[in-house]
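Submitted below is the structure of interest, expressed as structure tokens.
As written, the chains take the letters A, B, C and D, and residue 1 is the first residue of each chain.
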Amino acid sequence: MNKRVAIVGLGHSGFGTTSPDLSYREMIFEAATRCYEDAGGIHPQSIDSFVASSEDFMEGISIADEYVPDQLGAVLKPVHSIAGDSLQGLASAMMQIKTGQQNIVAASSFSKVSNLSNHEHLISYATDPAYIRPFNENPYFIAGLEMNRYLHETGTTREQCAAVVVKNKYNALNNPGAVYAAKVELEDITTAPYLSAPLGIFDMSGHLDGSIVILLASEDKAWELTDKPIWINGIGWATDTPNLDSRLEGLGSARYAKLAAEKAYRMAGITNPFHEIDFAEIDDTFSYKELQHLEALNICGPGEAGQLLELGCFAPGGDFPVNVSGGSLGCGYLHEANGLQRVAETVRQLRKEAGKRQLPEAETGLAFAWRGVPTATGAAVVLSTRP
Amino acid sequence: MGILQRITRNIDNRYWDPGLIGFPVKNSYTAGVAGQRFFEEIKENGRIFGSKCAGCDLTYVPARIYCERCLSGLEEKDWVDVGDEGTVYAYTEVHQTKSGEAKEKPSLIAAVKIADGLLIHRLGDCLPEAVHIGMPVKAEFKPKNERQGGIEDIKYFKPF
Amino acid sequence: MSEVVKVFGGTALSEKDISSGKIFLTKDSLDCAYAWDTGVAINRYLAELKKGNIIATRCRKCKRIVLPPRLFCELCFIPVNDWVYVHDSGVINTFSICHVHWDASRVKAGEDPHLPAVIEIDGASPGMGIMHLLGEVKPAKIKIGMKVKAVWRPEAERTGSITDIKYFKPI
Amino acid sequence: MRKVAIVGAGMTKFVRRALETPKELSFQATKTTLDSCGLTLDDVDCVAHGTAPDAFDGLHQNGEYMVDGCGGWNKPTMRVYVGGGTGIHAIAHGWHHVASGLFDTCLVVCEEKMSSAMPHAQAFFLTIFDSITERALEPNLLWIFALEMNRYMERYGYSKEDMALVAVNNKLNGLKHPASQFTDQVTVEDVVNSEMMAYPVSRLDVSPVSDGAAAVLLASERVARRLTDKPVWIEGVGWSLDTAYWATRDLYYPRYTDTAARMAYEMAGIREPAKQINIAEPYDPFDYKALHHMEGLQLSPRGKTVELLRDGHFDRDGNLPMCPSGGLLGVGNPIAAAGTMKVCELFWQLRGEADERQVPGNPQLGVAQSWGDLMQVSSVVVVGI
């Protein structure tokens, strides 16, 4: 393997359900400024390359890539976009450093989903035009199918899924940046109306506006920029079949997560993630996804996540704290910026900068993101204070 | 703080509504080489076809022109009539419309397992409480003169 | 190429295949509506347009006066807070005479073609252009380097939009 | 730096309207590529794919939709995106995958199906302009190119006939390309007298809307040497994105191409590109663009390009053959796929497999370049044997 890569800077802006006080450019400029200051006040002229993660229709711009450079200070610099989750964007940035052509690379992503009136129509446009769209249904029916199959295959209960919501919203109370924090009971979740049964309306995370910029550097540059680099020890991403009609194995289990994690663990030299990783920030776009992902990420066996959750294993004081930040259910869902949100929270824990929610033992953390329905793409990264 | 000014009063807030030509995206999709033939068979003969990859021992439903696992081409000889019966592999009762409003009457959508494929379709002629995973179902086709060459030429799947 | 690549995929359809209805088509449109946050800088830009002014910002470091205004200098990467009124006149940097509408439909005989141009605005830094339209000029008479001036909509009709300037005309 | 080679290439025909879905087109190009080097999907470690605006294929998250056709089942897949520049940039993106040491083989697949756009692909381009300060003027894509072309011609005193010569040359080259969507030769008069779209752009100055896909397979040195005795090495990659405030740039010179090319040449160790490079495939969605880009690529002195063109310098048997494939003007322009097609062409040319289109004299070094966004981005790839 070539060079080791570290995260040396972190900045964010926004993090509200709406953000009318700033344009997306101003919001990203703010996040970038914070990030560059966090990395010792680096000027973007000294950054070798920039990666943004976005998808065209989210912002209502047909080639969203056009509007990336200015607010990052990246005019006439190498810039490209990854049309994927921002954790894939992070992987692209990391690969660039490992080639040896670049030393310092910024990864950015943002959400201005409040500017979009009907998100479901957009998700529907991501489904197959000939086989799925003619039904003209709310596209989250796919999550309903997945949850139904997951509960059936593993014996996990509706209540265990609801318990994820209760945990994450409660965790979020300790996170000043989490807008969906709440102290709720299981009944609040299980008796709420259905979105697509068995999936209830509170089983889905709410939308969030915000912007995140993260700076990566090669080992020698990292020590110049910060005294607390966080090392990317393993990274992996994978796609299961995009076709719903051949997702027999993947419908009830998150196979993309399994494949992505295997790669990340192998690179990081991890054989027993439950013991070798201290905590995780993993995708909980839907309540059942957190449990499904924990099993796929090999933190526990199939069908065990729900029970372990009830035993308090995944609580902040448990053996394997999961989504101490509040996750997407507690903080809100940042769409393509979701992955960087998970990474940012992991970095804060590892740097011991997580305030009231700081975990006492946080040396190695796992971040995992999924792209949401109807996709079957996920990305995992193992971050550590030790290279 | 990154910038020196902010909007601090609601009265100054402004959003830009692009009006009528806001985001003019309209598309007309072909069903593809496989889809064209798949829908033709449904339209003309009321038959559902899959295509079998001999190497992977998998029969895709709906039929395709390639195996996604090994990327072998699947040709005419690989097409197989898979019948019009399957079992419910997963199901959901959809309570919200595509615009996110509560539906008056929820709809039932299932992933119906036929051969090694899942046909996503509606369930009909059955009560939501009665549906279960593994339930045998059968395609109910529209009358031939109403079929137009699309997935909706099958009205729904119903228990039998 | 011919030794290894002999077959090229891709089945070409003719207009007749489509019009005859032989080919099954699914039609769909993306019913997404957007309401974009204008943010601080563009908010002020639009508000000033409504008053009949063009406003720009100046970076204290590189001294560039830029249009449209922005709250940061993308080159110096510092916040910007120096607002400057510029003139509503300028010079044509380049132009076109366009015979199709935005949706690719043809401008009909008798209709005027669209006359887009990049106009370097007086008072802003050299080369600082904006895209706008030209008017009150015969297309054949337009020249690069020509001086032009904004023709504003009557005050009552302005909405706080770039279209509050109807077009630029030669002076 | 780890050496990376192209070991296989393939594409579909570029057609006006394809029956195939985007996935099926991707499959055809991918399968051809694997067959061309005798590999199966098991040999592929990852997929780096590309497609330009989602609006054309009419699919949000189009990269996810098409990825099984690109061979992405159960593999790491990542879609890269720089607007029209995607087709060549995807090669750099694939290079990152292999040169980083994370993977040994990488499929690079680009696809575009523009025919699904209604009523015309052009209409979607309204939405590439600034949402607030430009879109209200109801612009179309032709505006910016017409503005750029006019500025470029005015600056150096080039005529429409000069520009038309590029369309004529490229279309002539394209007639020899088996995947081309054209069959007719055109003359300078045809181009100049074709329907005026947006002065100075006439219909035949523009490449057409197309459907198609193209792919290449990248491999690390170890794998490449095992697979073929004619690997085509990726010597340099570079890319650059200029400011989104496009009207504040002087459009006569493509700065973004300049910086991207210098980055790629530096990596490739090229000091005198105009002397060292044997074949150029500059991006040519409009005829003037090929010349504009040749200047940005440092392959032609600014303002002297038409002179060289008229002297036959850029002909197939000239000193520096330009677009021997036929380019976008001569083969077709399914946006992202068209860029990758140019790299396929260099692969075939450098291996001496380009049949009728073969550039004489055993070319050793080629450069391909693409361009996109708001006249803003360039990606440059230098390949050699």
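In this section, a residue touches a chain if its C-beta (ideal position, glycine included) is under 8 Å from a C-beta of that chain, and two chains touch if they have at least 3 such contacts.
Here the structure is a predicted model, which means the values were calculated and not measured.
Novice: Tell me which has more C-beta contacts between its two chains, B-C or C-D.
Specialist: The greater number of contacts lies at C-D.
Novice: What is the chain whose Cα centroid lies farthest from the Cα centroid of chain C?
Specialist: B
Novice: Find the geometric centre of each of chain B and chain C from their Cα atoms only, then give the gap between the two centres in Å, rounded to an integer.
Specialist: Taking the mean C-alpha position of each chain, the two centres sit 40 Å apart.
Novice: As a quick test, compute the distance in whole Å between the mean CA positions of chain C and chain D.
Specialist: 26
Novice: With centres defined as the mean C-alpha position, give me the chain A-chain C separation in Å.
Specialist: 36
Novice: With centres defined as the mean C-alpha position, give me the chain A-chain D separation in Å.
Specialist: 33
Novice: Of all the residues in chain B, which ones touch at least 2 other chains?
Specialist: Chain B, residues with two or more chain partners: 2-3, 6-7, 15-16, 18, 21-33, 35-36, 39, 68, 150.
Novice: Quick check: what residues of chain A touch more than one other chain, meaning two or more?
Specialist: Residue numbers touching two or more other chains: 20-22, 26, 29, 32-33, 57, 60, 69-70, 75, 115, 118, 121-122, 125, 129-130, 134, 241, 243.
Novice: Quick check on chain D: which residues sit in contact with 2+ other chains?
Specialist: Chain D, residues with two or more chain partners: 18-21, 24, 27, 31, 55, 58, 60, 68, 73-74, 118-119, 123-124, 126-127, 131-132, 136, 138, 243, 245.
Novice: Graph of touching chains, which shape: line, ring, star, complete, other?
Specialist: Topology of touching chains reads as complete, every chain touching all others.
Novice: What does chain A use to touch chain B in their complex?
Specialist: Per the stated touch rule, the residues are 13, 20-22, 26, 29-34, 57, 60, 115, 118-121, 124, 129-132, 134-141, 144-149, 152, 193-199, 241, 243-248, 251-252.
Novice: Which residues of chain C touch chain D in their complex?
Specialist: 1-5, 7-14, 18, 23, 27-28, 30, 34, 36, 38, 42, 45-46, 66-68, 74, 93-105, 114, 116-118, 127-133, 139, 144, 161-163
Novice: In the complex, go through chain A and note every residue touching chain C.
Specialist: Against chain C, the touching part of chain A is residues 19-27, 29, 32-33, 36, 43-45, 57, 60, 69-71, 73, 75, 112, 114-118, 121-122, 125, 129-130, 133-134.
Novice: Which of the residues in chain C end up touching chain B in this complex?
Specialist: Residues in contact with chain B: 11, 13, 23-30, 32-40, 42-43, 46-47, 71-72, 79-81, 102-103, 160.
Novice: Using the touch definition from the top, list the residues of chain D that touch chain A in their complex.
Specialist: 1-2, 21, 52-55, 58-68, 72-83, 89, 93, 95-97, 99-102, 124-128, 130-131, 237-245, 255-256, 259-260, 263, 267, 372-374, 376-377
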